[in-house]
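Heads up: the structure comes next, in structure tokens.
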Amino acid sequence: MELWLFRPSGLSDGRSCFLGGRRVRAELRVAVLGATGYAGVEAVRLLLEHPNARPVYLASHSHVGQRFAAVYPHLAPFTDAVLGPMDADRVGDVDIALVSLPSRESLTLVPELVARGMRVVDFSADFRLRSAAEYRTFYGIEHTQSALLEQAVYGLPEMRRNEIRNAVLVANPGCYPTAAILALGPALSAGLVLPTDIIVDAYSGVSGAGREPSRTTHLAEMDGSLVPYSVAGAHRHTPEIAQELSRAAAHPVTLTFSPHLAPQARGILTTCYARLARSVSQADVEEVYRQAYHQEPFVWLVVDGLPNTKAVAGTNMAQIAVRVDRSAERLVAMAAIDNLGKGASGQAVQNMNLMLGINETAGLPRIAMWP
Amino acid sequence: MELWLFRPSGLSDGRSCFLGGRRVRAELRVAVLGATGYAGVEAVRLLLEHPNARPVYLASHSHVGQRFAAVYPHLAPFTDAVLGPMDADRVGDVDIALVSLPSRESLTLVPELVARGMRVVDFSADFRLRSAAEYRTFYGIEHTQSALLEQAVYGLPEMRRNEIRNAVLVANPGCYPTAAILALGPALSAGLVLPTDIIVDAYSGVSGAGREPSRTTHLAEMDGSLVPYSVAGAHRHTPEIAQELSRAAAHPVTLTFSPHLAPQARGILTTCYARLARSVSQADVEEVYRQAYHQEPFVWLVVDGLPNTKAVAGTNMAQIAVRVDRSAERLVAMAAIDNLGKGASGQAVQNMNLMLGINETAGLPRIAMWP
Amino acid sequence: MELWLFRPSGLSDGRSCFLGGRRVRAELRVAVLGATGYAGVEAVRLLLEHPNARPVYLASHSHVGQRFAAVYPHLAPFTDAVLGPMDADRVGDVDIALVSLPSRESLTLVPELVARGMRVVDFSADFRLRSAAEYRTFYGIEHTQSALLEQAVYGLPEMRRNEIRNAVLVANPGCYPTAAILALGPALSAGLVLPTDIIVDAYSGVSGAGREPSRTTHLAEMDGSLVPYSVAGAHRHTPEIAQELSRAAAHPVTLTFSPHLAPQARGILTTCYARLARSVSQADVEEVYRQAYHQEPFVWLVVDGLPNTKAVAGTNMAQIAVRVDRSAERLVAMAAIDNLGKGASGQAVQNMNLMLGINETAGLPRIAMWP
Amino acid sequence: MELWLFRPSGLSDGRSCFLGGRRVRAELRVAVLGATGYAGVEAVRLLLEHPNARPVYLASHSHVGQRFAAVYPHLAPFTDAVLGPMDADRVGDVDIALVSLPSRESLTLVPELVARGMRVVDFSADFRLRSAAEYRTFYGIEHTQSALLEQAVYGLPEMRRNEIRNAVLVANPGCYPTAAILALGPALSAGLVLPTDIIVDAYSGVSGAGREPSRTTHLAEMDGSLVPYSVAGAHRHTPEIAQELSRAAAHPVTLTFSPHLAPQARGILTTCYARLARSVSQADVEEVYRQAYHQEPFVWLVVDGLPNTKAVAGTNMAQIAVRVDRSAERLVAMAAIDNLGKGASGQAVQNMNLMLGINETAGLPRIAMWP
């Protein structure tokens, strides 16, 4: 088994590793299954610099037996980990498993991990939707794990921190849903806006489309391109956003969701629209959001400006801003996140920290590089 | 006066100019006042390659007496024009004047040009808003030219082609309004959607912010940035969009408009939302748009895909797509234009062509460079 | 056969095509074999707007029977051409064939076209290298067409205009070689610099790597990346540059060539270094280059500034600048071209124009869009 | 004085700050004079997350009395520091001062700080050049501080680690020089290459041009631009590179240096050329570099690939690769750094760590975000 174990290392000549000058005291052992996608490598990056945890097993479908740094050469000096198989029996003794697989594949692997006593943060959509019917509609297969689905907690700490702490399985939220729920949740919960008239318009950098090269993500085709896709209810995140906004509103929402791609690597900017339920002032709305978020370490209500994806790139932060459009009696609620940070791996590590009982903010970047 | 006259030239050694192999037969004489901004230089580019017209007077506030190619070095081999003053008396004998000044400045210059018998396409907002009150609210000064305002025609050929042909003064539409009106106009005119629930969400490349360097347009700050600005009714294009959509609907519209910046030089992508007035199918809506646009040389209804700013960059084309979101009973209408093409100088040349009675499409690029 | 014929068309409803207002009077018939790569589609773009020629046969390996606009949706309103097979017998009656295939594939197809009486501009490297031994070394196969190789003319009009006019087969130069030869050729021909100490350092946009998606060209991986590749003699363009510079110098050159990729779609910037053969002034060098290029319609000697890829994007222009570094007794010679313009399809159309006896500049863009 | 003191803070409601979960135990007190430029804000970012140091005084010319987060809004939740004046008497009790001013301004301020007993890392060029004559030539003024200049240590730890430890004043290297010296230093020191035939060709992201908006750094103008500037000995970093390479070679070098700009925020890629002094193999050269750098925590010799600016963005790492071009008997030596990391503020913190006797790598990022 040792073959697959991760041996923390320094430069490629084998000296030991002092990341940022901190000698690593990393007692908690973490597996990353699906380490070679963008969410996977971002999780590994965070874990390599985490003060309390370290990656001890990295698994992949397609690169078993290869060095992780052969897949991501920029990591060559920082890890000599070798990729193991996506096999629950090979994971070994870990405190938690982060599973970053395409949706539908988690449906098989996650139960096997749980059955072996592991706690899991699953990045896929397989345990996010409460409704098996919606799962079938949007993912095209039957959901075969209703018992486990029942147990799973939707991992947005700002909404369900305590449930996450005790969860065996956390369904890590999608990138677009994270931004949309953080932007609109407080207004819906407080009854400031009607649940029946919600629009979520979002733009994402292309890392959201994954590492697999495609025409869509080809720089020559994408440079200078602003382009919608899967609009008008076609995107798989639509039912997820609706489910969680409905929960916040305690009422089913009616939602139009329009994702777009923008020519950059990282970042989601979401602009949401909802009709005001009653006459409220800008100050009233801000106060509701301040109450909702002032204790949150990773949500940042921008009052003097507006959110910007660059201000959160590489971090686990969410920037939120709200504006009342008086003449239209509408709320405009905006959020900026890093789709691989708060939108995926950052949030997964935040969930992991909560589940393992360590500091919720441990190992999570908050200050973006600028420029 | 000859000092300021434009002398068509070839390479910098003075050989004559065969642009694209066509010997220039350019009988119509055009002045461009405000030639050194981005809309100005784009108009000059189009005129330098126009088969029937040529720029004979280029004026600027700040660079009088300098060669135009000193301001735009990439034009050095193609023109030795010297910039003249922004003075109606110096323009001389022209068939038409294109005026590309900041809003409020046209209010003074345009009447002087008209008084000297010139026909004018004005790029500013000064003659776009019918309501002097709204002009005052959004531009901060009194509108002093009500007679001329009365005469001015809003220059969107797809909506007012015949009025444009005979106009003395055409108010060239704003970039965001062009995209929004082309996207939503047919649905509102046909009564497919309610006028009372309109959202226009738009992203623009930074050339829309002009050539003057600023923090916002600094590549180091903007690279990786998706950022809203002037949301919730604050942007000056809000009343212009509302005015023209109201006209299309024959009913006052209620509008929320949210502009954003994206990290690219050119292009506007607009995603518009409106509530369906009655139950219509995707096919019904497409048929309405097809009827509206099938004769239009510069509007292109995309049926199999979705609009993309790159597909129209450098051209005068608008790409339009519509989608019915059944579950929300909402129409999503999208448009992609080049903010300096159909959103400014391309449209101005289209208007000029109509006013001068030449082929409407003369000198207007339609095929984008790819990639 | 008519199935494959190109029917010039206007908008998708079948109206006829008035590109830029010019009614197309395109008598010369052109085939493009290998139309779906980036050089192919750029050639088609130029031909669709060419005043004297039109594409009548478009061929592809992989998309036979599909509409060209299904491969390049941005062309949907402008052509309803259907892709034919890469078969010499299917090309039919054309005045010239442009062949844009990967190197080694032209070795088979081009002789078949020539045997059927066609004149050919070949974009590949298969007929560029005089030495069969070098061809074998860099392309890994035997050159089987020595007779045709003997006939082929290296298609850099600035160096071999007259030979091109009469050629049956023109080997269209590579993108890096075009920039390097235009930058250094005059200095070597005039004996200003030593042939034995030449360095060519070049950066290219990623369209040079083709349309096939890959990790290298994935926006998420390439954004923010400046990266060398195939340095120190490993790149296939090395012997081509050396061959043509040796010809210019009338002496074998010693060359180090280092290509790099930069995060943009188009453009090559080349900075070349050569040791001065004798003491010359900046003015002397400029005079040599002015003599070499002052009659050239597509070469532009920049004296007051320095070349910029943006200034030539989309055009067939080459910007050249030279600087004497006195303290090091070295010449720095720079060139900017569009790798798909003067570096590929623009140059191919320039060669085609020469071969067909029409205006050399016909249909070739010279003014770049700015910004 | 307390007014200007930096009070570490958490979110904007004043909760205390747990960056990345580490409770800040920052005993060493650091002033940053010139905090509002890009090198300044990068130094502040590193200090805010440094395990042993914290910024206690931030000074600016132009924003005195403003909150630092008013200048850099992305820092709002992380600091409520107020900018103090650029006045040595106001700095107060600090362990070290980082001075990031334009060249020529340090000549006045640095001596005042040193006179007050402070140790200084100066980011400017004012104490880098040994020759007062060259300083006059390239910076246009007399060097008035010859005694202090004598004391100053050129702060490249890989070359002068021990001198830096004991220095009162460290002249932090320029960005281009850092890359060039790391790339060529070992080969020159080992006598592998001739000192008389050196070329340094470099491309930089636009953050190197500073935060002040300009036409050059305007996204609309720079997007798609690859452009040389100050070539052929005109750039101020030329004598600095020559000085340090001469020191490495123990012989005066002859140097041609050509900087360029590329369309990205961060990163320098340098490709250097030198003629081999004797016949050496690729393996020989790699062994020399391995010996030079295998103990270095921030230099990474890439053997299987080539350097890439993205792989070091946001970090203090330098990627180095070397290739022997046999046919030209030339060495190609490449380096990638982040111009604001190892090229400025990262290196300054590395120098600070050495001077203060703490772990050299403390607080310095090594793993780049990917993608």
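By letter and in written order, the chains are A, B, C and D; residue numbering begins at 1 in each of them.
The rule we apply is simple: a contact is a pair of C-beta atoms (placed from the backbone, for glycine too) under 8 Å apart; a residue touches a chain by one contact, two chains touch by 3 or more.
This structure is a prediction, so every number in the text was calculated from the model and none was measured.
Novice: Between A-D and A-C, which chain pair shares more contacting C-beta pairs?
Specialist: A-D
Novice: Measuring centre to centre, with centres taken as mean CA positions, what chain is farthest from subunit A?
Specialist: That would be chain C.
Novice: Just the number, please: Cα centre separation of subunit A and subunit C in whole Å.
Specialist: Once rounded, the distance between the two centres reads 45 Å.
Novice: Starting from the mean Cα coordinates of subunit A and subunit B, work out the distance between those two points in Å.
Specialist: 40
Novice: Centroid from C-alpha atoms only, then distance subunit A to subunit D, rounded to Å. What do you get?
Specialist: Whole-Å distance between the two chain centres: 34.
Novice: What residues in subunit C touch two or more of the other chains?
Specialist: As it turns out, subunit C has residues touching two or more other chains at 38, 205, 207, 211, 218, 220-224, 263-266, 308, 310, 313, 371.
Novice: Considering only the defined contacts, which subunit C positions touch subunit B in the complex?
Specialist: Per the touch definition, subunit C meets subunit B at residues 10-13, 18-22, 38, 41-42, 45, 48-49, 51-52, 72-78, 207, 211, 265-266, 294-295, 297, 300, 302, 304-305, 308, 310-314, 317, 353, 358-371.
Novice: Contact residues on subunit D for subunit C in the complex?
Specialist: Contact set of subunit D toward subunit C: 197, 199, 201, 203, 205, 218, 220-229, 231-233, 254-256, 258, 260, 262-269, 271, 273, 306-310, 313, 321, 323-328, 330, 332, 334, 336, 371.
Novice: In the complex of these two chains, what residues of subunit A are touching subunit C?
Specialist: By the definition above, subunit A touches subunit C via 38, 205-207, 211, 213-215, 217-224, 263-266.
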